[in-house]
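Here the chain labels run A, B and C in written order, and each chain numbers its own residues starting at 1.
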Amino acid sequence: MEPILQVKKISKVFPGVNALTDVSADFYPGEVHTLVGENGAGKSTLIKIISGVYIPTGGQIFLNGKEMNFQNPRQALDEGISVIHQELSIANDLTIAENIFLGAEPRKKNGLLDRKKMNKEAQDVLDFMALDLKSAALARDLNAAQQQMVEIAKVITKKSKVVVMDEPTSSLSEHEINALFKQIRILKENKVAIIYITHRLKELKEICERVTILRDGCHIKTMLVKDTSEEEIVTSMVGREIGNYYNKKGHTKGKEMLRVEGLTRKKEFYDISFSACAGEILGVSGLVGAGRTEVMEAIFGAARLDSGKIYVEGREVLFASPREAIAHNIGLVTEDRRRTGLMLNAMIKENIALPSLIRHKRKLGFLDKKWEEAVCKEYMDKLRIKAPGMDTILNTLSGGNQQKVILAKWMIAESKILILDEPTRGIDVNAKSEFYTLMNAFVEKGGCIIMVSSELPEIIGVSDRVIVMREGRISGELSREEATEQRIIQLASIHSETE
Amino acid sequence: MKRKLMGVLLCIGLAASMLGGCGSKTEEAVTADTSGKEEEQAAAGTEAEAADEETADTPGGETYKVGFIVGSREHVFYNLIEEAIGAECEELGLDYTVLDGQLDANVMSDEIQDLTAQGCDAIALSCNDAAGVKPAIEAAAAEGVAMFTFDCTCDSDKIVCFAGTDNVEGGRLGAQEIIRLCEAGDKVAMIGYPTASSVLDRQTGFEEVINGQSDITYEFFGDYTGDANKAQQLMEDWLVQDPDLAAVFCAGDPAATGALAAIKAAGADTLVIGFDGNPEAKEAILDAEGNGKWWVSEISQNPSEIGLTITAQMYKYLTTGSVDSDYISIAPYIITAENAAE
Amino acid sequence: MNNKVKHWLSKNVVVVVLIVLCMAFGMANKIFFTSKNLINLTSQMSINALLATGLTYVIILGGIDISVGSVAALSGIVSAVAGLQFPDMSVFTAIIILVMSGIVIGGACGAINGLMITKFNVVPMITTLAMMTIARGLSYVVTGGQPVYGLANNFAWLGAGRIIKPASEPNGMIPVLTIFTAVIVFFMHMLLSKTVFGRHVYAVGSNRTVAHLSGIHVNKVVLVSYILCGITAGLGGICIASKLQNGQPSAGDGYEMYAIAATVLGGTSLIGGSGSVGRAMFGCAIIAVINNGMNLMQISSYWQKVVIGSIILFAVILDMSQKKNTK
């Protein structure tokens, strides 16, 4: 079989960094070829070169045996290379159909937009993908998972020869992932070559044929998935053996830190009651859209409650804004760190110190820059944040390091209750493992963590106790021993015809 | 990101273009206080009916309806013209409306249409942008409205009569004042505003006389764009180059105000000759121990006379069908400490 | 050229442009570099500097305030009207009247802008467009279209007075206006770069949601910033009034464009999140140098506009390409 796309000895040098050095790989039609590697290994750079976003400093790209010199993404797109980015490019104020056909709208003979045809074709694709969505709905009303599906629908309609998927599953729940894989299999049958990036290694066995491992911008090896094991891949990725991945430890449960009773916000969640203790990681599982994020935002004061009571360390509280929650030592690590977690164009130290500046201000409201720099240095060391310095702009850090910055931010803010919403989404294995260690350390010192996660192995591997949500309600609570993938899926699933 | 920036820049551009038309343009007709165009027309309609009734009710007497558009309500000069118009119309028993043209040809054109629709027999306006309002003037004339202009006119044979300051003559007067006040070998300057045609005329007259004067050097000219602060900066910069500048002719009182501030701050002895005849000029000239040491002379327009003349000519045309002349120059006059108190 | 120099140049385009302009004018006209002219330059850029200072806050927030020119006019008018009540005022009284008028009127206009934006979610462009029209209108209403004149000489000390009087310069060397402006600019610069509030301004401009979720009172930060912007505009306005010893209802017409231009030249991004008061001053200096240099060379004011516009475009393009490179 001939490869459809070949990259040969590709290099990319940024000022001061060799992002890629002599990377070669072949991509075959009808195959899913996964790129794995830690953040910063060069996966993103490689796909940006393939899709014309970056121009390589060295090497060649061949498509169907012909050398390509992409100067911009448009040229790559015209040659049939589509990309589904991790950060979705959905226009919020357009309908789903308009998004799917953006830039390639069907026209009537007189040149006017053929809205009827567009809506119908878009609906066909959505139905084909077995999605319960209306093509005329506004993209604004979709959640992250649904927007991702629209992106995939977009690529399907473009009939691309090569599709690059950058962590398509990172924001999807188990059952949405299955739907996605169904689509990928159909693409495979149609001889599309798929370049796939993921941090979820268990997906490899399920969907991929070939895997290429990158480390520090270099090609380590390419293997057939059927000839390898998860352990071998992980070892090649990090260059050493990883022991206890989740670093799971039993914790000593302390006093009750947070208790909520009957929290209700109409159309989002109803009658939510649970408690979380010091020295405990409480896992919150459920499908995307089950209302987990909304509950956490309401507890943090970022959304209003219709009814219900919140107690922090036994005292009833009512937060009108996040400011008040922070004053009660609660911290929230949001689900979408790029949009709601970080100031991407600001420095590490500016991000880290933000919620604590008020507490540490000097006379007349002056900034305590000495404190800021000292604490920033302390936590960069403690959390092993890899960056040239505390003045580094967040945008240039890897996902794992960005997430550590957010964690540092709340630790500095003296949070005792940390709410983590999908904390390890899109960060690599090594960084995840480190992150779990940090979580454990925090809990051991008497902190309380509430972790929302869609990844079952993570929930099971990390939590001391698990509550499961389904359609805005708590459908069950499992102790550490009871929590198995099967039990959680049972509690989380919607028992209806759609399943 | 670029798109966002573009958007912002576009908005700014838009706003900038609106700047010109966004002072306190409260459209306040004297007889009808309305804002929306439709309302205005509706009001105009009822008003016209009312006027008809009135005419019918007044046996024998004929009430003429006349309309005026002043350059801008934001200028004292036009305010004084408007006062004179009002007084003269009351005197002659004319039914009159005065509108604010906002120094905008577009606004003026609409207002000419509105006044025509209200049934005006004659309309007088100041053509600050002559080319811009010409079509509207000719359209109104074609509907039988007698068209008059004041202050600035327009090159059209439909204009029955124009009354306005002879600005070229004003410029000449300014130059003559300078010659009277200066000695041989002195250097002088002028602050003007060449985009305004009336002010350009003053420049023409001034330069005609001053350039013919071999013993006085015409050293600097600057454009103050109607902004007193800008005039101050011009003067400040000139005084650095030539601290002995003898006199400056300012073709507008804001220019004179700015120049005066710069001269005082620099401790120079430059004399100021202003133009317009606004109250602040008179006060400055009278202040012998203070501002009067520099601001010694003023070329004054005669706005009351302009307003009075044009109204009288309209009345004459409507009642007798003729005017004294199709171009009436209202001579500017010189104000000095001797006559400023009058 | 070595890389470090290149890097510095690309980061400091505005400084380079300023130096190049000064050299060019200096060569074309020998008066340009005289101390007298340079000192005049500092007072000539003062009004714009005051306006741009507050505007920097608002633009860092990702907002805009196009009402600064009109607010300046209104404050100037009010200070002049107030000044008329004290025909024998001392310098001290004059300063109190001027500064209070600037702070009260400018602050009130800014507060209205800020409240409209925070409480009623009106877009800053529209809110301040309305304020621009209202403030200009009020200036004419208060004065009836006429300048306010007849103010005591001490009224002009702040805007036109000079201190340090050596024998050779009986009128004084250093303009009070320059010192006044420097004090305000210094205060605003420190507030933005050294205080918790300043950091909050950057945070809100950088990412409003993150700021809110980090416990920052976003609306308060926005409101205070617009008030500060109004106050600096008001102070700019009273300086014009004092300088001219006269309240002009048409003062400051179009000054918002120069203030925005100076801010943008100083590298403040219109998208928000970055910028600095200090750098905006370089923008002000560029504009003042162009006006001054071209006045000295007797170049028509039409060309001054063309040149200023072109330099803004040039600076923004350089700035954008530099940002692209660091990505």
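Heads up, the rule we're going with is that a contact is a pair of C-beta atoms (placed from the backbone, for glycine too) under 8 Å apart; a residue touches a chain by one contact, two chains touch by 3 or more.
Here the structure is a predicted model, which is why all the values come from computation and not from measurement.
Asker: With centres defined from CA atoms, tell me which chain sits nearest the overall protein centre.
Answerer: Minimum centroid-to-centroid distance belongs to C.
Asker: Farthest chain from subunit B, going by the mean of C-alpha atoms per chain?
Answerer: Taking each chain's C-alpha mean as its centre, the farthest from subunit B is A.
Asker: Report, in whole Å, the distance between the mean C-alpha point of subunit B and the mean C-alpha point of subunit C.
Answerer: One centre to the other, that is 31 Å.
Asker: So what's the Cα centroid distance for subunit A and subunit B, whole Å?
Answerer: 67
Asker: How many Å are there between the centre of subunit A and the centre of subunit C, using C-alpha atoms for each centre?
Answerer: Roughly 44 Å separates the two chain centres.
Asker: Note which residues of subunit C are touching subunit B in the complex, please.
Answerer: Against subunit B, the touching part of subunit C is residues 31, 34, 36-37, 40, 43-44, 47, 64, 66, 125, 129, 132-133, 136-141, 144-147, 149-150, 153, 156, 159-162, 170-171, 175, 240, 243-246, 248-254, 256-257, 260, 270-271, 291-292, 295-296, 298, 300-302, 320.
Asker: Subunit C touches which residues of subunit B in the complex?
Answerer: 1-2, 4-5, 8-9, 11-12, 15-16, 18-19, 22-26, 73-76, 79, 220-223, 225-230, 232-234, 236-238, 240-241, 253-254, 257-258, 261, 264-267, 278-280, 283-284, 290
Asker: Touching subunit C in the complex: which residues of subunit A?
Answerer: Those in contact with subunit C are residues 300, 302, 321-323, 325-327, 332, 334, 339-346, 350, 353-355, 357-358, 361, 364-367, 369, 395, 409, 413.
Asker: Enumerate the contact residues on subunit C facing subunit A in the complex.
Answerer: Interface residues on the subunit C side: 194-200, 202-203, 206-207, 209-217, 273-274, 327.
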